[in-house]
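Following this message is one structure expressed as structure tokens.
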Amino acid sequence: MDWDWDSAAASLPLLLEGLLVTVELTLLGSVLAYALGIVFALLRRARIPVLSPVTAGVVEFIRSTPLLIQIFVLYYLIEPAIGLKLSGFVTGVIALGVHYACYTADVYRAGIEAVPAGQWEAAVALNLPRRRVWTGVVLPQAIPRVVPALGNYTISMFKEVPLLLAIGVLDVLNRAKQVGAETFRVIEPYTLAGLLFLVVSLPASILVRKVERRVGQL
Amino acid sequence: MLRRTALTTAAVLGGAMALSACESTGGSGGKDALQAAKDAKVIRIGIANEAPYGFADSSGRTTGEAPEVARAAFTELGISALQASVVPFDQLIPALTAKQFDVVAAGMNITAKRCQAADFSAPDYSALTALLVPKGNPQGVLKLEDVAAKKVKVAVLSAAVEKGYLTGAGVAEDQIQTLDTQDNMLRAVADGRVYAAALTDISLKWLVKQNPGAAVEVTPGFIPMADGKPVISAGGFVFRKEDDTLRVAFDAELKKLHDSGEWVKIASPFGFDESNLPKPDVTTEKLCTA
Amino acid sequence: MPDSYGTILPSVLQGLTTTVSAAAGGIALTIVLAFAAGLAMVSPSRVVRVISRVYVEVFRGTSEVVQLFWLYFVLPALVGFKLVPLFAGILVLGLNHGAYGAEIVRGAVNSIPRAQYEGAVALNLSPAQRMWRVLLPQAVVDTLPPFTNLFIQLLKSTALLSFISAGDITEHGELLRPVFGRDIVWIYGTELVLYLLLALVIKYGMRVLEHAGARRLGRRPARIAGV
């Protein structure tokens, strides 16, 4: 085996920088996905004449096509067309957020539909205003139940961040690629990159599973 | 019965696929690379689809300064055909070492670090460095030192020498964006994501020619400085360390092309002229130990 | 439609064979690994359970892109064998999605009513017969809906093969970008439509299988397992 510990140690600082970028992208993208997902879910449910079916169509379209192409479309087509010069990082947050919002929308939908019909009827019987029905009765019951599913999507997003190397974002994999290109040694940086992913995602998965068990007892 | 037939068919197909899935990395099967190429009458080259050094034209033909020079040299050795593999620039040497092809014909600068991984031919050309900037060059950036002084963002090609030149001129790491292809560099300048892109003047002039609608221009070429001294640079062809016979034979033909004036004829359609011929005192040994 | 579309469409279509081959090969490998590992995870042998669990956690816990780069760049450096890009892609697609598939299979096997298992024991069927003739056929039908989603995920992941120069749809589009910069919208539009059509093919194919499976088991189509 051709492993060079010195090489590995030398590449670690750069890789950790990349990991930080990866985590930042995941967190920001998740926030966007969680927020936008509710918007998509509510838009579909509201059954507004043109907006709802169009939203549903767009959401399906984004879910069924590769994220990589959506990143390219955003970076090379949409942004120059509307004059935005966003960095790869910001573009990445938007692309990840919008793409995963299409998945979280479905999660929210399932959560909302799981709220017993009796809750809705009671809220109406109590003459609660529409907004209050949602914020006071439905969402507080729907959302905790779907937190594990949301958590799993965040972990999935974390693992799809490396796609952004296609637009020059310096995530952990891109850093590994840089190290490989400059030192001509590929074994250490790529293996370390893989291990770094495990180091973050395994504890995260265990955490989500714990939350799932807790929520299941609600 | 049906299940058993299904399983056996799957096993047979799977086995056949598994066999065809691997290529051993000894492409020439242990034979000397030069002999293998002569026998097959084909030399496998690696290019990065970067014009005008090595790329595929609209008809799909492999062309560019390096492939055409290689074609001329190898024809003299009895090898008339080129088989090109396109890989990203920063994978050329790794792919060469992995025996995906036998020569890199992509206009690669001879540097000490690359010499550790592979062996270069004699210097083939030398080119000046230049910057691609927005039309009109509003910030007046003409040299690498200007990039450092004005603190603008600059793009470089992954694993290319310009990054070293920039950091040597005092440009901060976070000003530099590393991109994978020349086209992405052009796009980055045209879209305003970076102010400048650093590459050889020949590449940048060709890029501008191919993209007449883009609002960009090329600064005059210059020689970058390192430690107060001008950087001597030259580009060449790359061979695996063990392929000495191939490299030596190629060098002999390359020298003939340079000396006879043939080289200038072959390279001029791509924007090269006599000024790009390597100076006599610039040798591969010197560049490798720089 | 711009004049250049006459060149854009055939060029992008050139990637279709690679994408379809990668998807088909990936799906085949996924099925094999999903059932192998999924059944291994419910095996009575502790060693077998641990090995399969490790496989599933490693491949689900790391990024598919990283796996691809590792297999394509690091493996040749370690063992001297270089995989042809398409097969490296199929291998990663299969290994990665097989790990997710294993969980689906495990869930499906575990959700078969206990009565089926007990009935098989009562009828004196050997463990192998029990699995092969009673439990597995029912489990397979239950896995079809979640596998549909998994296979569409796999199809989308074939776009990653553009990173290793395998010649898929996405890569061909990117090669066109320098030449047809003005018509980017047509390049990406065509790519997206192609992926969408392929996804529909998978969806309908799986639906046919679902109906056939439900008919053979003598019950209506399976509920969708999980949210």
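Note that the chains take the letters A, B and C in the order they are written out, and that residue 1 is the start of every chain.
The rule is simple: a contact is a pair of C-beta atoms (placed from the backbone, for glycine too) under 8 Å apart; a residue touches a chain by one contact, two chains touch by 3 or more.
Bear in mind the structure is a predicted one, so any value in this text is a computation, not a measurement.
When the interfaces B-C and A-B are ranked by C-beta pairs in contact, the top one is B-C. Each chain's centre was taken as the mean of its CA atoms, and the one lying most distant from chain A is B. Work out the mean CA point of chain A and of chain C, and you get 21 Å between them. Look at where the CA atoms of chain A average out and do the same for chain B: the two points lie 38 Å apart. The set of chain C residues that touch two or more partner chains comprises 73, 77, 177. Annotation for chain B: residues 94, 187 touch two or more other chains.
Multi-chain contact residues of chain A (touching two or more other chains) are listed as 76, 177, 180, 186. On chain B, the positions that touch chain C within their shared complex are 17, 20-26, 49, 58, 86-88, 94, 98-100, 181-183, 187, 210-211, 213. Residues 76, 79-80, 85, 87, 168, 177-178, 180-182, 184, 186 of chain A touch chain B in their complex. Those residues of chain B whose C-beta lies close enough to touch chain A in the complex are 90-91, 93-94, 97, 113, 116-117, 158-159, 177-180, 184, 187, 191-193. The touching residues of chain C, counted against chain B in their complex, run 25, 73, 76-77, 80-84, 87, 90-91, 165, 175, 177-179, 181-182. Listed in rising order, the residues of chain A touching chain C in the complex are 1-2, 61, 64-69, 72-73, 76-77, 107, 110, 146, 149, 158-163, 165-166, 173, 176-177, 180, 186-187, 190-191, 193-194, 197-198, 201-202, 205.
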